[in-house]
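Shared chain: chain A. Partners: chain B in the first complex, chain C in the second.
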Partner chain A sequence: MHILPYLVAAYVFVTGCYGLATSRNLIHAVGCLAVCQSATYVLLLAVGYRDGATAPVFSDIAPGSRPVVDPVVQALTLTDIVVGATVTALLLALVLQIAKRHGTVDPDELRELRG
Partner chain B sequence: MNRLRLWLLAVGGAGLAALLVAACLDLPGFGGRRHPYGDRAVQASLARHTANTISSVNFDQRAYDTLGEMSILFAAVLGCVVLLRQARDEHRDRPEPAEVARPVRRYALLVLPVALVTGLYVVAHGQLSPGGGFQGGVVAATALHLLYLGADYGALERVRPLGVYETSDAVAVCAYLVLGLASVLAGTAFLANTLLPYGTFNTLSSGGTVPLLNAAIGMEVASAVVVLLAHFLDQAVEIEEEQGS
Partner chain C sequence: MHHLIPLLVAVPLLGAALLVATGRVLPRIAAEITGFVVSGGTAALAVVLLLNSEPPMVEWIGGWLPVGGESVGILVVGDGPALGMATAVSLLTLAALAYAWRYFDEPLGGHSGAFTALMLVFQGAMCGFAIAGDLFNAFVFFELMSVVAYALTGYRIDEAKAVQGALTFGVVNSLGAYAMLMGIALLYARTGELAMTKIGRGLDATGHGGPDALVLASFVLVLTGLLVKAAAVPFHFWLPDAHAVAPTPVCMLLSGVMVELGAYGVWRVYGTVFAGPGGIPAADLTRALVTLGTLTAAIGAVMCWYQRHIKRLLAYSTVAHTGLFLVGLGILTPEGDDGVALYILGHAGVKAALFACAGVLLDRFGSVDEHALHGQARRLRATGVMFAVGALGLAGLPPFGTALGKSVTEEAVGGPLTLVFVAASAITAGAVLRVTARVFLGLGPRPEDAEYETSGSDEEPETSGLLSRIPDTMTTVPAVLLAAAFAAGVAPGFGAVVARSVNEAGSGGAHVFVHWTLTGVLLGVASSVLAVALAGLAVTRPGWTAAPGWAAPLRRLQSGHVGDYVAWLLMGATVLGALALPGVLGS
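Up next, the complex of A and B:
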């Protein structure tokens, strides 16, 4: 019984937050958001792990012959990845428009609103 | 100003880190034996003859959530299409044919059909082996883009009529909804997996509606990725800003 994987998730999340807050480039910021999100993958998979267990797929193991890890959190992780990818795509599209309209991707230089 | 911001970040970050560590200490230990939801999900999946429990969770037990997830994907693609459209002060340049190194061309054209079939295989076997609509759809969609690496952008555009993919994205979303409504018409709950026989365990046709929903998702994800990448690539390759605007 140890909690190292949970701490790894927390570390990855805080690292991503630090990157987001100090970012000087919006594309870099989107990358940092992806890092934050990958912390949730680590956390979910760590919560679902069971010692000595295998993947919850019964095409090549007989049901009940071996313990399997929690499939619910794995499905949640899949959802998480899909949502993360779509959010990244949408944010990158926004960054592209910002770069075109304002000529910069530095968040500190985006002070005034422009039509 | 910047120093103040860094200090604020340090204080907030330290507080957040402390709270996260405190939360970790209270979580059930890593690798523990007690997974009540997991055990029940495995039971339910086996009862409905679905060998891949994760597919069963996604397309049977939590099919309604997958509908939401799919809507997020659809809305995000729609948002990207709107954001990345050609603006009034821009024009389209025809992409110039590009030179491709022969080994790259040969390898890309060799791998393309293999990758495409692998993607379709992963979609079709979603209820049996690891994978499913989301994963297989991405593989199949990226396979098409090997043509961009192996030939050039013009070749990719010829095999990728964008309207067809946009339509098939919408059709796949509708197919998912119609499958859900079909179970309502059959007298059960929306998206309940009671419409079709569960079939023989560990065969392609097992799992009731799971393979069908899986296929709908696979089609949606593949078209969504193609449409998304097309708009990003258009921005990079074709759309140019007018000079002097």
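Up next, the complex of A and C:
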């Protein structure tokens, strides 16, 4: 078992969080959220990896003839990507409306809801 | 019968697809009736399934049954709590749709079915989360209900506050969901399973006598996601911002059931995944949930008291009550689970009714500001009475369903924690009674404005222009909801039925007899009296109950800045890990 992919996943997640916490632009913040989500892709694919294994496609190899990587996590990653596309699209649409209604996309200047 | 469980998700989703496809040509009335039929049909199905949920049902979707104990199929469970939550979700969606009848007079972009379709997707997603039997589908439905909730919160896209609240809600909740997915991936790495019960067994088999760092990490990550949804301190900052700006029918669902689904998720995931010897020891979960729950109840109650924006005030009262739910679940006794289940049901009715009344104010006066509306709503007698009754329900005045749930939970937690229950419910109910006295009765002097707060003036009414007359649906719906919350407490045997189905699913059949006790009734009456006293004091002596100096830093934390909320989320995850650490070190 390699530890590196897990460290990469944790690093990517924390980097995205850092970007979110310090963001000065909401479009950048939505991008940072997508970075956090990329960490989940890395982690899921790392979980399913096997040394010397091939893609889990059985059109040209006989089942059981050689090891394949875990297809479940790949299905999960695909679903995750679909979820991520929806979230990013919706949040960017909201940022667009914020830019129109507030005239700014800097979270430091959005101070209507507080207290 | 169990083959019908997936329909709880499929029917609302198909109904929504139908509305989206035909919404542009369909007249508005046809779109809304379709929404009623689909939502009501799902509710009826949920009730029928709930009545047949003994013994608990399990369904592998599409007939992908396990072979030799291994399965790649999708599992849904139909036990009492799952179907009970699905029923509560469906009935409340039906109520919200009825309330929204003739509500938004200009359909968005000429699409008459848009709002109804979104509400149906929301219903389907919440039902899906309730019945999900494997963690990955729980995540998918968690994200689906979150995304629809962001869209519904920002439904009035021309309003500056609405889109800002929706974005904050979106960023914080999605980040929580991704943390949860990281945790699920770690659990899959350890056990090779996604079904919750099988992960639990896998952890016990590979645990070698106790949890290790990986189990702790996955526990913290999964619980972070669920507690963000449940709005536990310090993950709660998104909730007041979102609830203050969302359209009123949406608030009814957000506060009434969606936040509670987070607490339900904590109960379900801990009970089936982490409760075994390879998971997190019970003492650690109790420490984590009771600490965070008490903190949540305290901060929610204090912040609730100092609000003047009525919808924000109700949102903080939801925060305070979720704290109480987490304390009740955290002590891990069958009595605590039963009490919380009853409390959640009663709270859903009461809180949705209160939001519905706040919506009447918004559409009649274009404001939900306690100070600006001082004495304005004297003529809305029915709404005022319902607001006061709702406040007493919130305080837990017997025989409301909230009172029964609260008294059972109080008996279960015992000791000084009982005081937390009495205080949090009395303060939040006192704040609502104070609003009633000022807005509907015009009592007391008009209070002075504070420096750092969100006022509720200059809000756009959600109907086309201000209403001169309140439609019957907008007064009938809160009345029915309050009646339901009342009936949950007085209907003979209701508590026992809820308790039996919760225990059957959660505590291995350790049946508990749930009933009114003298102590519980007295504590409920004490909370109500305290609430009335607090409200009276606030109205007659505004100076005494104005925000003291120590509350100001607490209010500054709610900065409306999404970056701050993300930093709090990370800190909360760290605290959660620290609270659960001793059990891992000790094993």
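Assume the second predicted complex is superposed on the first by the 112 of 115 C-alpha atoms of A that agree within 3 Å, B and C clash if a C-alpha of one lies under 4 Å from a C-alpha of the other, contacts with A are read in each partner's own complex, and residues count from 1 in each chain.
We adopt the following convention: a residue touches a chain if its C-beta (ideal position, glycine included) is under 8 Å from a C-beta of that chain, and two chains touch if they have at least 3 such contacts.
Because the structure is predicted, anything quoted here is derived from the model rather than measured.
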Partner chain(s) touched by A:79 [first = chain B, second = chain C, both, neither]: both
Touched partner set for A:63, first chain B, second chain C, both or neither: first
Touched partner set for A:55, first chain B, second chain C, both or neither: first
First, second, both or neither for A:5, with chain B first and chain C second: first
Contacts of A:87 with chain B and chain C, given as first, second, both or neither: both
Partner chain in contact with A:107 - chain B first, chain C second, else both or neither: second
Common interface residues of chain A - those touching chain B in one complex and chain C in the other: 13, 17, 21-22, 47, 72-73, 79, 83, 86-87, 90, 94, 97
List of chain B residues in touch with chain A within their complex: 5-6, 9, 13, 16-17, 20-21, 23-25, 27-33, 35, 37-38, 41-42, 45-46, 51-54, 56-58, 62, 65-66, 69, 72-73, 76-77, 79-80, 83-84, 87, 128-130, 132, 134, 201-202, 221, 228, 231-232, 235, 241
Chain C residues touching chain A - in the complex, by the definition given at the top: 72, 136, 140, 143-144, 147, 150-151, 154, 157-161, 163-168, 170-171, 174-175, 178-179, 181-182, 185-186, 188-189, 194, 240-241, 244-245, 306-307, 450, 452-454, 555-556, 558-564, 566-567, 570
Chain A residues within the chain C interface of the complex: 9, 13, 17, 20-23, 26, 29-30, 33, 36-37, 39-40, 43-44, 47, 72-73, 76, 79-80, 83, 86-87, 90-91, 94-95, 97-98, 101-102, 107-108, 110-115
Touching residues on chain A, where the partner in the complex is chain B: 1-7, 10, 13-14, 17-18, 21-22, 46-51, 55-59, 63, 67-75, 78-79, 81-83, 86-87, 89-90, 92-94, 96-97, 100
